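In structure tokens below, several structures.
You will see two complexes here that share subunit A, one where it goes with subunit B and one where it goes with subunit C.
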Partner chain A sequence: MNQTSQPKLWLAQQANRFAPALFFIGLVLLWELICRVGKVPNYILPSPSAIITAFFNVEFSRWMIHLWATLRVALMGFVLSIMIAIPLSIGMMRSQLMNRILYPALIVIQSTPVVAVAPLIIVLLGTDDPSRVLITCLITFFPLVVSTTTGMLETPPEMIELSQSLRAPRYRETWQIRIPYAIPHIFSGLRVSITLAIIGAVVAEFVAAEEGLGYFIQFSTSFFKIPQAFAGLIFLSVISLLLFKSVQWIQAWFFPWSLPKKK
Partner chain B sequence: MKKALRVSLLASLIASTSAIAADQVTFQLDWLPGGDKAPVYVGIQQGFFAEEDLEVSIASGRGSTDALTKMATGQSDIGSSDISALMAAKAQDDVPVVAVMPYFTQAPHAFFALKSSGISSIKDLKGKKIATSPFTSSNAFLPLVLKENNLTEDDIKLVKSDPGALAPMMITGNTDAIIAWVTNTALFIAQAKEAGKEIVEMPWSDSGLSLYSSSLLASERFLEERPEVAERFIKAFAKAVKFTYENPQTAGEDLHKMVPEVDANIVAAQIKSITGLVFNDVTEQDGFGHFTSERIKQTWQYAAEANGLSQDALDPETAVNSRFFK
Partner chain C sequence: MDQAKNSAYVSMKGVGHQYAPQAPLVVKDIDLDIHRHEFVAVVGPSGCGKSTLLRMVSGLLIPSQGEVSVFNRPVTEPRDDVGIVFQKANLLPWLTVRKNVLFPLKHKYGSYSAADEKRANELLEMAGLTQFADKMPDELSGGMQQRVGIIRALLLNPDILLMDEPFSALDALTREQIGFDLLKIWREHPKTVLFITHSISEAVLLSDRILVMSKRPGTVLDLIEVDLPRPRSSKTINSPRFAELTDLIRGYIYEPDVPA
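And now, the complex of A and B:
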């Protein structure tokens, strides 16, 4: 190997390694440039520097209060929807009758725009956490039901036949064969649901809330503080991204065997 | 915010020796906190409610009908909302909410345009493009104010857009004029200044549309079950309204203390720019805090026409209960 090519190679490797970050930084710089050169006013498209300034103009403790309000509702709704979706899928997989009864109802719930129903839920359940958690749950549970059911139905038939020939009880068939086969599907459902949970919490805050990041964004817009609204929006996306990653970490930690084999 | 509220209440409770167990009241805003919503915050911060032995908590709302629903279902006791929305609701359904005290005695609706557009009066809007937000109560009154100026809806080109986008649309020239509340004037001026422009405000109250607007409403259950608490609340609230408009800067700071995201100076500017809605010829003639039958009737005539309701769908007097304001 010759001496001069080594630093070049190293540079190329690093560039390749940090390509996503570099792309992102480039994009932000371009955005800043467009705003400065084009003299775009803040109320149309705030520049990244204006957004960063707006972010630090809000006290850290305020951010934490809003973050906690949103996160609390999102996670409660998410957990509730897991608790509903998984038993429901098991039931629907086991019983044809239950499947026939529930499936249309689920589709109806899923195709009803939650944004339109949200004000009615607030009137029924009040302006506190229960209504916000329900709104979040309504948005998140459908992908979970679908992915769990699909996963359990995709269990190889020969495994089911084998367990039946050994006279295994049905609960063992479910817990030891079908659920493990469904794990990769369940986790892809969870990844979709966790980002939807944040959306659900924000939708709920748009209808009734005194704190939370969704409320903060709406509030900032009502005062035409667009850079501040953007700061809230970006903060929200970062949280969403972190939650998405957390689901992946949980899967890698507890169910490493369920991940696709690395080449 | 709740915590700050409790802390401040605690402080005022300790300060006042008379307070042992204060009466709890939930106040309903019809929108998010802002300059026109300052009085209730001022009442808490200045201790006006504590003096009356009241512990007040505040819930934000998302429009007049949302606030009405929350008062009607008992989620809050008393609050602010547009009286014409209440009248329209009462005409269609027996909503258990009544107006107890006027707040804006003139309508806050207005047209805004850039000075450079050459538009200086409502008559100049003929053939122009006007943007409004989809759910504002102003839309219902638009045909009436146009009629007062010998125009019809066919004479203008009306487009609907998000409330936050209206002023930028006007400044960038996407629309000739916009419809908004004068509560926003201070913000619009600041935004236009950023782009080196000036704006013209054309309040509808100057061109014939004279009626009660935002008012203090209360749930009938609250008034029946705790009449004496309601009376004390209204007394303290009236005091807070007067204090707010006499001391805009202090009011801005009081609101900022409870809602740190709000800029005290902007709130003070908002309060100054809407003083004319709260204190004007009408309040001078009728006295602050008093509804008159005549103006109530007039308000209902406008509300009925604006909402396409028959004039005898409601006896407007049933929407009001003035016994609590002393």
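And now, the complex of A and C:
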């Protein structure tokens, strides 16, 4: 019917679909333009093109070394915090006493700025991975405990009654009802934690490290290689974004039912 | 036959309940004998303790006054021969329909056998849900979800079926249809049914007797014998006796703002 308006409609749809990407590209172009027109020196604010050049001036293998150092610490800290947070949440949900004892302790840990504690941890545990992993873990585990506990406590009372009416053992109430019910909550906690894990690893590298993207950024800045520092920063953000996406993919793949319903 | 009919199967004697020692009574002085395979409905204004009553029969709640007994044995904990159908289906969204039906076995004993799976399939067939067995609950309509809730309660072949406003979340047409489906299941697999509802016509349409409860604290206002012939159908609704009975009950719980 509307033969003439169809291509227009298609164009509008595409524009709408790629709006976020177009906005981003526009922003980068504007940045480039400001740098060139305003003749902003590279050591104040490098232009996107300078950053890209700086990125490729660093050898690929060096990038990989730094990436691996940061990723290793972030993932170890993340996994460790999952291994601590989930059993802890189950314990706090099951035992009132444990909840009363641990909850204030968790609040104290959470309200202590980890950045400030990091140097002390390095003094305590040395300058190797263990201290960096601990710093990462301290930053990541609180959101996980909160989300897991919230999810398990929000289990509808009827589901618990179903379990009680069957006189099922309590560990099955936990494993077959409360934990699956908490899955969407746990994943929102994981999404927050995975980005915090990168922050944790970088904080640890700022304090003491010879490699890693955080170290690379600090090192580049101190030698006024600002475009290189920006390249490191952007690389770090991309990695962080990919990790965040991976958590979403894992959820979509293994727990498709837990995603919000699309209409 | 008559002997069995007249003996009390589920019996409540002077039952009352308060949720805390100082709290007001939610229900009080409930005396009710339910016969084996009888279908008893409970109606009353919201908050009159209908659900509390059901939880006391199920053993999920122990009354603070009086005694509930099943087959002359006091109920002190949840019983194996009781199946509960909850308001709003109460299915587990992470399990397929079939696994939801099998959940009571999986949850109670940790596993189930091939024979159990066969039984689940038979129940699904009976409810007309065979083709939905591997779907997730949220892919089903509200009426289908509640049918799954009903057959899940039937899995362990309970003698007593407790239904807590099971159709209240459904639209009127689905509600009527699922009511007749329930009667068909009940005819083929006789159970003692305690059916909580706030729909007067639903109570009259389905049950043998209706317990009418007062406002909180819920007491027994009347126990009405529903002498409509079975099997009942949509024609039952048009009979003069149906209108008489609904009017009678409406008189007890008449609230000017609430059209029944």
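Please note the rule applied: the second predicted complex is superposed on the first by the 263 of 263 C-alpha atoms of A that agree within 3 Å, B and C clash if a C-alpha of one lies under 4 Å from a C-alpha of the other, contacts with A are read in each partner's own complex, and residues count from 1 in each chain.
Here is the rule we use: a contact is a pair of C-beta atoms (placed from the backbone, for glycine too) under 8 Å apart; a residue touches a chain by one contact, two chains touch by 3 or more.
Just so it is clear, the model here is predicted, and its values are computed rather than measured.
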**Prompt:** Put the two structures on top of each other at subunit A: do subunit B and subunit C fit, or clash?
**Reply:** fit
**Complete:** The answer to whether subunit B or subunit C touches more of subunit A is B
**Asked** Where does A:Pro130 make contact in the superposed view: on subunit B (first), on subunit C (second), on both, or on neither?
**Response** neither
**Item:** First (subunit B), second (subunit C), both or neither touched by A:Gly91
**Value:** neither
**Request:** Using the superposition on chain A described above, determine whether A:Arg172 touches subunit B (first), subunit C (second), both, or neither.
**Result:** second
**Request:** May I ask you to decide whether A:Ser220 touches subunit B, subunit C, both, or neither, giving the answer as first, second, both or neither?
**Result:** first
**Request:** Examine A:Tyr43 and indicate which partner it touches, taking first as subunit B and second as subunit C; both and neither are also allowed.
**Result:** first
**Asked** First (subunit B), second (subunit C), both or neither: which does A:Gly26 touch?
**Response** neither
**Request:** Using the superposition on chain A described above, determine whether A:Met159 touches subunit B (first), subunit C (second), both, or neither.
**Result:** second
**Request:** May I ask you to decide whether A:Trp257 touches subunit B, subunit C, both, or neither, giving the answer as first, second, both or neither?
**Result:** second
**Item:** Distance in angstrom between the closest Cα atoms of subunit C and subunit B, superposition on A
**Value:** 49
**Asked** For subunit A, which residues belong to both interfaces, subunit B and subunit C?
**Response** none
**Prompt:** If you look only at subunit A, which of its residues touch subunit C in the complex?
**Reply:** 156, 158-159, 161-168, 172, 176-177, 180, 183, 255, 257-258, 261
**Message:** Touching residues of subunit C toward subunit A in the complex: what are they?
**Reply:** 55, 58-60, 77-78, 80, 82, 84, 86-88, 90, 92-94, 103-104, 106-108, 110, 136, 138
**Item:** Contact set on subunit A toward subunit B in their complex
**Value:** 41-44, 58-59, 62, 119, 123, 126-127, 206-211, 215-216, 218-224, 226, 228
**Message:** Using the touch definition from the top, list the residues of subunit B that touch subunit A in their complex.
**Reply:** 1-2, 31-34, 58-60, 62, 66, 69-70, 73, 75, 163-164, 167-168, 171-172, 187, 191, 194-195, 260-263, 266
